[in-house]
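Dropping a structure here in structure tokens format, bear with me for questions.
Labels for the chains are A, B, C and D, by order of writing; each one numbers its residues from 1.
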């Protein structure tokens, strides 16, 4: 992840040191001084303040292909303790934009955190973890959702389209999830709004509402449980296993 | 359905009379002389050459709402004998644009017929019939597929979105199927090409290829077997029951 | 232009022979028997019923580039006598879909004729002629209008974008006109409706209304007067010169 | 304009006081403590940290009409001394994202400043000022540019569409400028990228390049010189009058 300045990097180092968490300076090609840390879930995170600058492609129209992804929008991690992850990342300076709680409780089941005015920069969902659920890229228009699916289908990657296109509840964006040839999950996503004003309270979603079908059918079970391991980090199980409304469960229940 | 001229109506009457099929002149409000017939499957069909002309709404932008449907594109019927339906409608003047045959045979399993240069004006699929599977409306852009789903979801009709958005094999168009509050199925559909040249051979699809997943997941079983009955016409079963690759079957088979 | 059948070609030959106009059979690579004729304005027209069939590219998504043009939609010619051209082409079997007349008269100033259910297949506008004003290609979505302009700009062809994007009065479509490197004019165009029912009267536009600014500014003078000559056919002037509302005139009049 | 916190408001007050510029606390309905200041050009600016929170409309699809504007993106002011404005606003904490300089000089002719990761939040252009050139709203897709123009045309506001749709040089976005019934200028605009990393140098545009035609024709002269006065603030002329390449000049020069 990017921080704004070298001073912010120093602050991050001190923050992780104080928390008794791993934090060390490393050399990484094509970027400035780089900090490797582990968050309380054990997820390895990389911070730097500068990178080699490449020419912008936003108007390099001849090089616009496929979904025309424009930037990394956010990451989602599965962690065994969402509440703990949320508290830690807020103490680091992130702000909670939306969250899902079991009805009638204030437990944090699923949290969306932002730092740069995006609806979310990092998302924590419950599950065996830490594992990387997906990285999301922002794409321009409705047209690109269909075009990238059409391309994938034509190129023999239909089975890599895992979920969508559809419309999210929290975050509100259109999405489609794909698996790359190694099985890592990518979200293509559009986002047309910003979340940055101090009076914006985090938006609460009751779990019973959050799992309601928007217009797309629910995701298959694999979307809820499959994720990418971090090298050398063994996932741990959450204290309580969730009960996601998967497509398989939805159909078995005879729901429409 | 529309025919071009009063002379064509007369020809249609004579055609059905010769075939020994019901054909009678009726009065229908807002349209010219009207012919009610039954095709060999027993499906009731209405023909006329003229209707009251209403102002075009194509540039009445203030009245563009939702999916902005622009015209009826085609109808799809379930019939117990697709081969027979196809032969009859071709003898009436329709042309076969695409068809699905079981691999290695020339049987007609699923046929797309056109008369006015659309990829298809009437489609016959196998099943208990005659029943109306859906009526399709042409809509303008990718954006409208998402917008109409979003609207439906917001208005509490998420469960009425039955299949899609997705990309068809035969016909190639983007589609979404919805059920109206009475359960009748509507397809919203875009179509950007014409089929009209005499040297265009009907396009053959092997059944094994036609059922392959494009990028969307397969339709639920209900899409294959539920359809609207015609008043007073009892459906008959086909000689051989099909084995559609439904979403339920797809998931049970552990396919991706 | 395409006709449907070899019989239609024969009919076309007889029609031009009866009219005392040039009509001869020629050999043209990649197409069936071909008829070369001249219409009353002297415009050379080619008819055939069949061509070599090429694979459809409508779902060859990897080959979709730029504006993704899908088919030739229509041609527009400048002719010195629009009324005469219109009468001749109607007698050949075309139908008038829309026309512009000077207010309070029934003169035909500008005519849109169709044969295959398009809003127009051939258009006649007044001017030194016969000359080819443009050939129009149908493109899919709003997005493609911008994308093709962006590409053209990036590739150094900004000056080739002559008029638009904008919205037509007659025909109603979105459009953009470009000049190819030889100066020939191409229209990229979308069209989402069909004109085919017998009770549809031709739509009349008063000239004063037709020249009103829709939302785009008027075309530059060059759009009205520049066109491609046919080889070996000298243009003749119309009896009465028109007074198009060019962008230059619009600005000089201080209009907004 | 919004600041993030009450502390930032205090800092702004102190900043303007130190600069000897007007700055006073005022009461404004529907927002928290509010600061009214004048910048060195005399432009009246309002800052606050909180406002009454209204329900988000991003997924209130039934209320999506016209261009579906989503948020205020930026303001553009005409000022007699762009260099001075730029230096002042940078000292307040804004960052320069792009700028136009006369070829071969480092003068600031036209500057784009951002604070919240937008390509620009405030823009200063040379002219009689201070005057408000326009306020810009972000809209979702290509489709909405055409739809809002079509609606405006249908509702009798064609003459209010002043410039575009077109593609910007600096900032890169698609745009269309409209004048509201009182003559104030609104830009509808899309923006799909963020500018926030510290190693991003401000992008320089040579004036000769910045005025080159992208694909749209240049703006009419009125776009360069007409703007909204601030109540009670008399505009002053710049030391040197600019020579914008207006549409009128472009056509008079016989350029294409």
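FYI, a contact is a pair of C-beta atoms (placed from the backbone, for glycine too) under 8 Å apart; a residue touches a chain by one contact, two chains touch by 3 or more.
Only a predicted model underlies this, so the values are computations on that prediction, with no experimental measurement involved.
Asker: Can you list every chain in contact with both chain A and chain B?
Answerer: Common neighbours, chain A/chain B: C, D.
Asker: Using the contact definition given at the top, which chains are in touch with both chain C and chain D?
Answerer: Both chain C and chain D are touched by A, B, going by the contact rule given at the top.
Asker: Let me spell it out: compute each chain's centre from its C-alpha atoms, then which one is farthest from chain D's centre?
Answerer: B
Asker: With chain centres taken as the means of their Cα atoms, state the distance from chain B to chain D in Å.
Answerer: Centre separation, chain B to chain D: 51 Å.
Asker: Between chain B and chain C, what is the gap in Å from one C-alpha centre to the other?
Answerer: It comes to 33 Å between the two C-alpha centres.
Asker: Which residues does chain C have that touch at least 2 chains other than itself?
Answerer: Counting only residues that touch two or more other chains, chain C contributes 59, 141-143, 150, 153, 167.
Asker: Sort the chain contact graph into one of these: line, ring, star, complete or other.
Answerer: Chain contacts: complete, every pair touches.
Asker: Once bound in the complex, which stretches of chain C touch chain D?
Answerer: 141-143, 145-146, 149-150, 152-153, 158-159, 161, 165, 167, 174, 212-217, 220, 222, 247-248, 251, 255-256
Asker: Where on chain A is chain D touching in the complex?
Answerer: 2, 4-5, 32, 49-51, 53, 56, 58-59, 70-71, 116-117, 138, 140-143, 167, 172, 192-194, 196-201
Asker: Contact residues on chain D for chain B in the complex?
Answerer: 59-62, 64, 141, 143, 147, 150-151, 154-155
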